[in-house]
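The two complexes that follow have chain A in common; it is paired with chain B in the first and with chain C in the second.
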Partner chain A sequence: MAPFVKPSEAELERRRTIQINDETVTNISSTDFPGHYPGEDNSWSFETFKNTFRVEHHYLTPAESSFSLIGADAAIANALRRILISEIPTLAIETVYVYNNTSVIQDEVLCHRLGLIPFTGSKKGIREFLRWRRKAEDGTPGPVYDYNTVQLRLQVECTRNPSAAPDEREPTKLYHHAHVYARDIEFVPAGRQADLFQAPEDIIRPVNPDILVAKLRPGQVIDLQMHMHKGVGADHAKFSPVATASYRLLPTITITRPILGRDADKFARCFPRGVIALERVSAAEANTPGSGYEGHEGEKKAVVADPMKDTVSRECLRHPEFEGKVKLGRRRDHFIFSIESTGQWDSDELLLEAIKTMKKKCERLEKQVINMVR
Partner chain B sequence: MSREAYQVPTGSQAANPAAVGKSFDAYGGGAAEVGPQMQYLCGDCGLKFQMRRGDAIRCKECGCRILYKERTKRMVQFEAR
Partner chain C sequence: MPGRTDEETNADVRMEEDGAPTSHQPDNEEEFEDAQQFPEEEDEEDDSEQRVRILPGSTDSAASFEFRNENHTLGNALRYIIMKNPDVEFCAYSIPHPSEPLMNLRIQTYDGTAVAALSKGLKDLQDMCDHMFEEFSRTRDAFLNEMRD
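The block that comes next holds the complex of A and B.
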């Protein structure tokens, strides 16, 4: 068999760039699979992946993180994104027992709002002690124990504030409990939960205590109990551990011919701040024949400073003075992830948990494939 | 069922045995007195008061003729979805 052909670096660059033209997006499908280019070896190899795959961290806070996966296929990046959104378990309010609700907000709407409030508490308690609530054999919800249910209570009554100023108009000053906030929800420990979820660090509590749940007027009452269970985002969005987990491809901007003087200013204004920088044409550049800078020494020229900040608005393609001078694109294998946590997990834990989940799923699939060929 | 056997449902506390913790003013008192008695809310001034059968349908404070019944204290279960 003839030895494999190696494509040139320029050809590889062309293959991994998605072209963004003024009205179309082309070269969108990846072609790095065996048999697409005759004579090339495009079979997947773990060694090559290990050597080329990189992760770059951009910023990290408990609530939000951003990082790049470089050298992975879209299938891997998208699998991670989908696992983040819908397969990492969290604890959320699932059943509400309403004893009284004389507020203007209907029972159904109130319960729906309660379900969407993100809660947090002892990580060990939520992840290791709390388990799924199993279904009974006939498919009905199974029994409730301290290891699969967390009980909460919300009891608020609105009353007049006798010490309010006579000309007061502000309801929150005129009445007590005119606003019901997420912080008014109390944790009711059952069994071993009293030891596991202790105030103030480990108690089950809303992540954002200032979420407005309902508004009340004097004489109105909300009295209800809630049961929390573990669930996944695939079942209901309230169980999703992320507010959003998304990725975008790294934008590329290639200036093919010099953009100088006033045009350079205009070009920089076509992009978000920081994407394009302005530099002076150096003497060496001006003295190089064929560079396009001849006789322009000291003039301003546009250079690409940070394409990651670009939103790919394509504004620069609308102006005739930049025609044929710039090429926009996106790097096919560079995924800029952004994970925003709802608070039960830290954003960095989420990525690790997603990878763990994906690994588990792959192991399950591997077993099935082995069974299939047996 | 004869007319005499029929009992007007009372808004008493017995309907809410699972309620725990504090009790609210808004719940009003029970029907401790003899005979069917209901809690009513005035549509005008918001006063809560009890009325018996045969009483004039009027607020005891302001005389308003529009009265509301209180919500039942029976538990209602919802899914938070």
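The block that comes next holds the complex of A and C.
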């Protein structure tokens, strides 16, 4: 067999750029498969992947993170995004036992609100100690133990505040417990939970204590008990560990012919701030024949400073003066992820967990395939 | 969902009888003692149930597989990695119906069996995951160090 041919750098650049035209998007699908280009080797190679795959971090806090995965296919990036949203387990309120609720908010609405409150606590306790609540033989929810259920309690009664000023109008000053907040929810440890979830660091608590759950007036009572279980986002959004997990492709802006003077100012205004910078045409450039800068020394020219900030609004394609001077595109294998955690996981742990989950899925299926053939 | 309503009612009744939810019963000390021996963590998802099968009409080199409880997440990733195999002539996946938890995968090969291509795909995906994990952890630690300085 003839040796494999290597495509030129320009050709590779063309292949990894999705073209964004004024009315259409072209060169959309990946073509890096064996057999697509005659004579080329596009087969999977772990070595090649090792050399080409890169990660760049842009921003990282426990609550939010942004990073680029470079050199992965959309199929992989999308699998990770989907796993982040729907397959990483978290703990959330699943059952609410309402003993008394005389507030104006209906039982079912109140329960739904409670379910959506994100909680956190000892990572070790939640991830290693707590298990799924298994189903019983007949399909009904199985028994609850300290290792699969976390109990919470919410008991509030609104009363008048006798020491309030006579002309006070503000309900929170006029009454005690006029507002019920997430911080009023109490953790009730059972069994070994008392050791694992100790205050203040490891106790099971709402991520944000200031979430408003309900409003009360004197005489109104909320008295309920809650059971938290582990679940996944595929079952209910309250179990999703992320508020958002999304990616976008890196925008590319190529200025093919010089944009100078007042056009350059206008060009820069077609993009979000910081995407296009203005520089002076240097003497060397002005003296290079065929550069397009001849006789423009000292004039302003538009240069691409930071395409990552671009929103790809395509505004620059609407103006006739830029026609044929600029090309917009997106880099096919550069995924700018943005992950916002709900608080039970740190945002940087989430992607690692997603990768682990994907690997575990493959391992399980590999066993299944062996079983199937047997 | 009538099933769901029923179980909720039962739970409520049980609660009233006991005076406390079942997880709150310290009277049954054995329950907690027993719980020291956890069921195996890895077996959380029932592995005994066969979730992959070959659809009828398949041959060695051209086969369709049906995956239960899988979706686009693995379907598309698997399709991509299997298409990267030079022995594979064709690979595609589909979700036949959105309300069934099924994913179908079709593999046709030039060389070797479709099952072998599927196994190789799953292995390659795992290698890929391993490298992505390492690379992400490494760059994250470097980034955090950089931020601290």
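Everything below uses one rule, namely that the second predicted complex is superposed on the first by the 367 of 374 C-alpha atoms of A that agree within 3 Å, B and C clash if a C-alpha of one lies under 4 Å from a C-alpha of the other, contacts with A are read in each partner's own complex, and residues count from 1 in each chain.
By definition in this document, a contact is a pair of C-beta atoms (placed from the backbone, for glycine too) under 8 Å apart; a residue touches a chain by one contact, two chains touch by 3 or more.
All values reported here derive from a predicted model rather than from experimental measurement.
Touch criterion met: A:366 reaches chain C, while chain B stays clear of it. With both structures placed on the common chain, the touch criterion links A:260 to neither chain B nor chain C. Legend: residue contacts after superposition of the two complexes on their common chain; A:278 is shown touching neither chain B nor chain C. Contacts of A:70 after superposition on the shared chain: neither chain B nor chain C is touched. Of the two partner chains placed by the overlay, chain B and chain C both lie in contact with A:95.
In the superposed pair of complexes, A:351 makes contact with chain C only, with no contact to chain B.
Of the two partner chains placed by the overlay, only chain C lies in contact with A:82; chain B stays clear of it. One of chain B and chain C touches more residues of chain A, and that partner is C. In the superposition on chain A, A:317 makes contact with neither chain B nor chain C.
Comparing which residues of chain A touch chain B with which touch chain C, the overlap comprises 95, 97, 225. If you check the complex, the residues on chain C that touch chain A are 3, 7-8, 10-12, 15, 21-24, 26, 31-32, 35, 38-39, 41, 44-45, 47, 50-54, 67, 70-74, 76-77, 79-81, 83-86, 88, 115, 118-119, 122-133, 135-137, 139-140, 143-144, 147. Across the interface of their complex, chain B is touched by residues 92-102, 107-108, 111-112, 114-116, 153, 155, 157, 159, 218-221, 223, 225-226, 236, 238 of chain A.
Touching chain A in their complex are the following residues of chain B: 16, 18-22, 24-27, 46, 48, 70-71, 73, 75-81. Interface of chain A with chain C (complex): residues 30, 32-35, 41-44, 46, 49-50, 53-57, 60, 67, 69, 72-73, 75-76, 78-79, 82-83, 86-87, 95, 97, 131-132, 134, 139-141, 143-147, 149, 151, 188, 190-192, 225, 227, 348, 351-352, 355-356, 358-359, 361-373.
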